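Shared between the two complexes below is chain A, which has chain B as its partner in the first and chain C in the second.
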Partner chain A sequence: MSRIFSCQNQKEPKTINLNAAYTKEFFDSDEDLDVVDEFNIDESNINKENNVDESNINKENEIFLSGQLKILQRAWLNENFSTEILPYEPAFERLNEILENQNIKAESLTLSQETSPIGMLLFIDNERIKYVMNRYKRTRLAKIEKYVCSINENAEYMARLSLPEKEFAERYKRLIEEHEHASFLHVLPQESLDVLKETENGTETSFATVEHPDLNQAVFCRFIKHVGSYSFPSTPHDKEILSKDDAYLVKYSDIRKLLEDHSIELI
Partner chain B sequence: MFGETAVPLIDTTKRTRKTQSVSLYEGEKVREILDEISILQEHLESLNDQGLNDQGLNDQGLNDINSPEYETKLLIQLVQNHDLKVLKLYHSQRSEKIKFIAIQELPLSQEMRLKLSERERIFHSKYSDLLRKYKCEYPPSLNLSATLVPPKEALTAVRVLKDIGDLMTLNGYVEFRKGTQAIVRKADPTIEKLIKLGYLKLVGNKESTIINPL
Partner chain C sequence: MDKIITSDTFTAEDIKFLAEYELITIEPFFRADTFSLSGIEYGPFTPPIKTNVPIWVALTLKSQKLCKIISPSWLTVENLTILLDSETKETRFSAVPFYYAEISRMLLQSAEDDLKSPGELRMLLQQLKEKRENKIRIGLANLEPIPHKINNISAREIHIMRPTFVMVFDSLRRIQETTLKKSSGQNLSETTRRTVDIMSSQNIDDLMDIEGEIADYGEFMTYD
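Our next item is the complex of A and B:
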């Protein structure tokens, strides 16, 4: 059953099969999200035939909507466990549009009957979607703040941010530098600070807000696709057969490429 | 001995690491460390000048690995390095806490204001401005400052702790009189803000822990 209800369902509340696992399933981070791959999300596919009956369209829409949510859930968990910032997930924008439509539906339902069960369900559903969206954004924001200098210096990382995030990163960097300078860095002239930075080069520490993501950190990952014979970059001579649902504890730098290809998810 | 002035600040940083509230700004200790760095800098500059006077135009004495001046220079830089690291750690730990207050849209209370340094108060207001600008681009249906606790129900009961009067909520007009209870929508930004400010209290809900991402 889809977690997002359509208009069709509102008229026929009896057809909604609310099972007990509904509430538990939603925020379970270990939930198998592989179903998303089967849906092969493509808007053009959904509305390609104009003659299909309304119920079919609704069903496909439901699959599309829940697929988007699952994509965002996976993006949130990946973002949470990866050490570097990951590409911005466009499913966020699509989900936002859906959320607004669903909110209007819920408002209209509760306007006629304040404790309308379907209206309440829609409200809870909306809150859950909002929670995932909020967590995703806040996780990214916290990461941008943590690695603000390395993100601003690295064009690849900057390209991964959305436009508001880019602006935020630039402004935040200026703010934090200004704060550090006014609080304690003003005591030494810039030349002396540069000299001290040079002596610290080996350990990559300095007094500006530089913190780099540790790409050698160990992460848990699970394969969501069959990859086949593969050797991790840190152990080039050992070949392993990687199949779907295999879970590994590896260095982040080893699975960086696989994460980009959407072959794995972080757990 | 040089470097020892930083020890009390290290202890303070360590002690306040896990606390959520911001402690009083240790201005005196910070000033002592800054003074030490300045004195060392003056010493280093006098060494430089001495090197220039003794050996003509280039300061070979300071770059010769075996000379005692070189050793002194290295030692001074080591202590300065250590002091700056301690200051950075202390200030960054405090700014993290200030940022957390700002993202929850909590106003700085008078007590809190006294605990912060002037620079930190400026930082708080500038960071709040930065967040406000970011929120302008944020979808209006979402609340960036929402408490990050998974929602379990749409409606919740709240107890009114201070008189508020009539308020427009997502459920329409609700009268909030001290001592009464009301059923409201939990995700209502107005209600969330009133709970954070201490005007309302959730009834029968123990999940009020605030989660900080990362």
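Our next item is the complex of A and C:
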């Protein structure tokens, strides 16, 4: 089941339309190969023609897209080292866009000038982006599976999931419940199950056996912004000056707020 | 990178992967315009002019003999000697780059000919690594309470510390919570006190087997 969701965003690149400029360049490439200085190919021409076709929107888009990989890498690490599920990172979708653009560019470059290392670098970069995306998705899926009941009960956690993840969490919970009911719960008397129910202010919340993320776990974090004078909630009397690049070993609950407003990253 | 990821665990390989995104200066041997990787522009590449690229790009180009890697300013015999000196004198960690172990290892492996006196660099890095690991071990034995500042710690060291430290602090926390409740009677508090005694005793290293973990990781990270 997890495979369905993890793969859906890693779709194959769209079929590549070699436009007129590329096709022309492709046929010219034989001549280029005969040039003595094989790396001294005038690449600016191709780029110009290419940019005219894809309009200036692409250029602006690229500026906006810069740094998205860094954001997703950070999100991956944060997700990996925190115990609770964190808000879904929209950079994921934007990277998909980068992937498609780069695939088209890389294919055309390798077709037109086999000697340039740029096409190869673009291919490798694509693989690396896919790796980060893959790890991010898998980390989240593993967490959803682990705390499936806790996440389903908590509206705040549910709001942090993307649509497919939400659907997965619900279906996975249903599957587990059906399985457990069919294998052993149906033979237990109802009273024995009631004993396990936790109550809060008189209303039933959940079963005592549901695994919740341990928010007090120790985590390593590093400040990516200057925060200034701050006291961690668990030690309210100690004031600390927190500046950029400071590293701490802290309780997760102490830095939960800081993680939310992106003042720190988990390492 | 082609292998299918089946687990969600963070490995030493992942640290290397992230370290490969740090920028490094190269001297290209080919001509090319600026181009963008993951939305960030690099270049232009004109032979004698130096430019900055991520380490993985530098190493890929290097493997095809398309560039010369300029060694980072901290990876020199002089600088490492200074670092080693301050590491010996002070109780704090000296200021090394976050991915110093991974970067230096990658460069020593794939771009040895671009570094000055690589043999000496290897020796200094090995000494630096041992000094810092020793500090971690002392830190664990002291068991300072969290929040605990650990500036200038490197990615590799956190990776070694994590399993042990997280486990130690979580068990200590549980003991504290139980002792605070005080509702469980004499027997339990007697047990917890004894556990605290054991945990803060001299045998902490044997108890946590941190030596074993460092040895495991060290094998991967030796500067051979």
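Simple rule for what comes next: the second predicted complex is superposed on the first by the 176 of 267 C-alpha atoms of A that agree within 3 Å, B and C clash if a C-alpha of one lies under 4 Å from a C-alpha of the other, contacts with A are read in each partner's own complex, and residues count from 1 in each chain.
What we mean here is this: a residue touches a chain if its C-beta (ideal position, glycine included) is under 8 Å from a C-beta of that chain, and two chains touch if they have at least 3 such contacts.
Predicted, not measured: the structure shown is a model, and the values here were computed from it.
In the superposition on chain A, A:R138 makes contact with both chain B and chain C.
When the two structures are aligned on the shared chain, A:D246 is found in touch with chain C, with no touch to chain B. Once the two complexes are laid over each other on the shared chain, residue contacts for A:D261 go to neither chain B nor chain C. Applying the stated contact rule after C-alpha superposition, one finds that A:A182 touches chain B and leaves chain C untouched.
Of the two partner chains placed by the overlay, chain B and chain C both lie in contact with A:M120.
Of the two partner chains placed by the overlay, only chain C lies in contact with A:G67; chain B stays clear of it. Shared-chain residue A:A218: touches chain C; no touch with chain B. When the two complexes are overlaid on their common chain A, residue A:N103 makes contact with chain B while staying clear of chain C.
Touch criterion not met for A:E191: it reaches neither chain B nor chain C. Across the superposed pair, chain B and chain C both touch chain A at residues 80, 120, 124, 127-128, 131, 134-135, 138-139, 141-143. Residue ranges on chain B touching chain A, taken from their complex, read 30, 33-34, 37-38, 41, 44, 77, 80-81, 84-85, 87-88, 91-92, 95, 99, 117, 119, 122-123, 126-127, 130, 133-134, 137-139, 141-144, 146, 148, 150-155, 171, 185-187, 212-214. Those residues of chain A lying in contact with chain B across their complex are 23, 27, 80, 96, 99-100, 103, 114, 120, 123-124, 126-128, 130-131, 133-135, 137-139, 141-143, 145-146, 163-164, 167-168, 171-172, 175-176, 179-180, 182-185, 187-189, 192, 195-196, 199-200, 205, 207, 209.
Interface of chain C with chain A (complex): residues 1-2, 5, 8, 10, 14, 17-18, 21, 29-33, 35-41, 56-57, 60-61, 64, 66, 98, 146-153, 155, 158, 161-162, 165-166, 169-170, 173.
Every residue of chain A that touches chain C in the complex is listed here, in rising order: 39-41, 43-44, 47, 62-63, 65-70, 73, 77, 80-81, 95, 98, 102, 116-118, 120-122, 124-125, 127-129, 131, 134-135, 138-139, 141-143, 214, 216-220, 232, 234-235, 240, 245-251, 254, 267.
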